[in-house]
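Before anything else, here's the structure in question.
Each chain gets a letter, A, B and C, in the order it is written, and its residues are counted from 1.
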Amino acid sequence: MTGLSGRAPGAFVALGVTLLLVGSYWGLAVAPSEVFMGDVQRIMYVHVPTAWNAMLVLSFAFVCALFFLFNNAWKWDNRLEAALEMGVVLSLLLCMQGAIWAKPTWGVWWDWDPRLTTTAVMVFAFGGILALRAFVDDPVKRAVWSAVACIVAYVDVPIVYFSVKWWNSLHQMQSTPETVSSAFHWPLRINALAIMFLCAGLVALPARVADLRLRSEMAPPLPVGRLVPAGTPLPGGAQ
Amino acid sequence: MRSFGAALIKDLLLQWRGRAQIVAIFTFGAAALLLFSFAIGPDSLALRQHSAGFLWLALLLASTLSLAESFEREVEEQALEGLLLLPAGPRGLYYGKAIANWAQLALLGAALVPVMVVLYDAGTPRLAPLLGVILLGTAGLSAPGTLYAAMTAQARARQTLLPLLLFPLVVPVLLAAVKATSLLILGDPMGQVRPWVTLLVAFDLIHWSLCGLLFDRVVED
Amino acid sequence: MIAVSAAGVCRRYGRRWALADVSFDVPEGACVMVTGRNGSGKSTLLRVLATAIRCDGGTIRILGHPARENREYVRERIALLGHRSHLYEPLSAIENLAVAARFLGRDRRRATLLARLDEVGLVDRGDDTVQTFSAGMRQRLALAHVLQQEARVVLLDEPYGHLDPAGFLLVDRLLERLRERGATVLMATHLLSRGRALCDRALVLDAGRLVFEGVTEGMPEPDGLAAGSAFGEGA
């Protein structure tokens, strides 16, 4: 991002990886097993932070879309693209983590849990916007249309969630720290922070790449020209 | 306001002219209903249970054809641009087109009901509420569908992009409409239709306003 | 009063600048010929002035009002005859005019619309759908569509294209009527001697840049199309 200094994204990624190692070690090896579900439950240490961050990143994408529509600055489109990519990746990870958790717990890969189903819909909705970007050549149209699509998709997410929830519900209660005993708090929070730093770094870097790609795609600024006086021969030759 | 009235008349006239196309789309929808039954097999009980789902899936698939077609006419000779330059208000253009699309989809839905009744033995005495659900559901398809059809008509690979963008968005419509239709067909002892209808109404209100606001940005260069 | 004022107008398509730093002023009531080789940016210029496409740099003022901020004002006073006809194929000629008339709030009676079609020589085909029209007939209908808007600034992109010799005279007559009405006309054309006869000013574009602005007498000859050549023009 043009706002951050050059080294900041790299530092964020490094910090994120370090914290992730700490938090994961704590969660996987040190924290006690959960009473009912045993060791499989440890996936929560990655799953829950991933979920928080997926929502965070996609909310950031929504904000970028709004900013772009209001002030038309390219940096918001670059950030939007990076945030969309990261959001789709995180959502895909969420679906995979959910499947890995569901199989030993419920015996099926997919349990139509409202949150996970909404996440799957989000993969398609926001992934579709990335596909849209690939098929539009004009940078301005591409930016405006993805911002519009992102706003519509984001507004739709809560509606999708509620409709799926009414349609089917067998997931456990929301695992916020209040419903989880304190032994689980710290690894959860560390991992959440970790993934957040990772995301910040991994959104800033693609945003910069998008910015560079945009510059190469669009013509360089014009040198100011002068009007050629009448009677001057034209470049093609002729009188 | 004048834009809206003029646009609505223009779009209804265009649909009337293109009515052969509507017949073809209806045939496609009916064929889809038939094909779905082949996927389940000749188990009449199972077919009846899933009839609502089949109806709405067929309608969803048919809607991509109908919505895409609605903007073909606008971009082939840049007629839409011509209207914008008159000047015509984009919001009026959107609502005119969206309502005309809604009318067409509702008609398609209503026409597919007898096909469903025959193929799946899925009749219901509660015909008026059923038509009400069809009206609300197709409104939910039309609002975002018109917005995205306007977008994809100007892009490459438009055949694939429209369903790709639209389908995830209308999941709530699909869920609510199928559930409500199913309850009307199979019986609703606990009066559960109302919350689903409320969901449809909420979806429609949100999207008819949001997409109308955003249409301007999608059609202007 | 200056009808059309362009200052540093730029427009890009991908890596290419279709218009680069174009600046000129057109006084009200003038008839201006816009010419240049294929691909020099004539159509792009007219479309940018009409606000059909965005301007990537510079400013445009139509009748004193900035085009970007007062788009509706500008569009009410400008009409564009483009390369695409802006028509609905499944509708008839009369219906196409009626659609526009409805948006404009103008007289939609059949008699009025038939009179408009008569002006462009299409009165016999009023109820036929545009789908059945030849390219020349679509051009005529598009001209009627433009005239119906009664704009103060009229932008014509190759008005003579596709037309038969009678059509050429038709366009000449319409141009005269527009001038009598006091409208400002910018016409992109390759028909140099016709343009010189009808227009008092010229803008010459080359590769997106303006290489000449002034009275038609002083304009240079672009290569490849000498004035008066039998192959370059119609009747």
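Here is the rule we use: a residue touches a chain if its C-beta (ideal position, glycine included) is under 8 Å from a C-beta of that chain, and two chains touch if they have at least 3 such contacts.
All values derive from a computational prediction rather than experimental measurement.
Where touching is counted per the definition, the chains common to chain A and chain B are C. Chain nearest the geometric middle of the protein is B, using mean C-alpha positions.
Among the other chains, the CA centroid farthest from that of chain B is the one of C.
One finds 30 Å separating the Cα centroids of chain A and chain B. A separation of 47 Å divides the Cα centre of chain A from that of chain C.
Computed centre separation for the pair chain B/chain C is 39 angstrom, with centres defined by C-alpha atoms.
In chain B, the residues that touch at least two other chains are 221. In chain A, the residues touching two or more other chains are 137, 140.
Shown for chain C are the residues that touch two or more other chains, namely 54. Only residues 144, 147-148, 151-152, 154-157, 161, 164-165, 167-169, 171-172, 175-176, 179, 195-196, 199, 202-203, 206-207, 210-211, 214, 217-218, 221 of chain B touch chain A when the two sit together in their complex. Within the complex formed with chain A, the chain C residues making contact are 8, 10, 12-17, 20-21, 23, 37, 54, 57, 204, 206-207, 209-214, 218-224. Note for the complex: chain A touches chain B at residues 69, 121-122, 124-125, 128-129, 131-132, 135-137, 140-141, 144-145, 147-149, 151-153, 155-156, 159-160, 162-164, 166-167. Chain contact summary for the complex, chain C toward chain B: residues 50-54, 71-72, 75-76, 78-80, 82, 84-91, 95, 99-100, 102-105, 129, 145, 149.
Within the complex, the chain B residues that touch chain C are 2-3, 5-7, 9-10, 13-14, 17-18, 73, 76-79, 81-88, 220-221.
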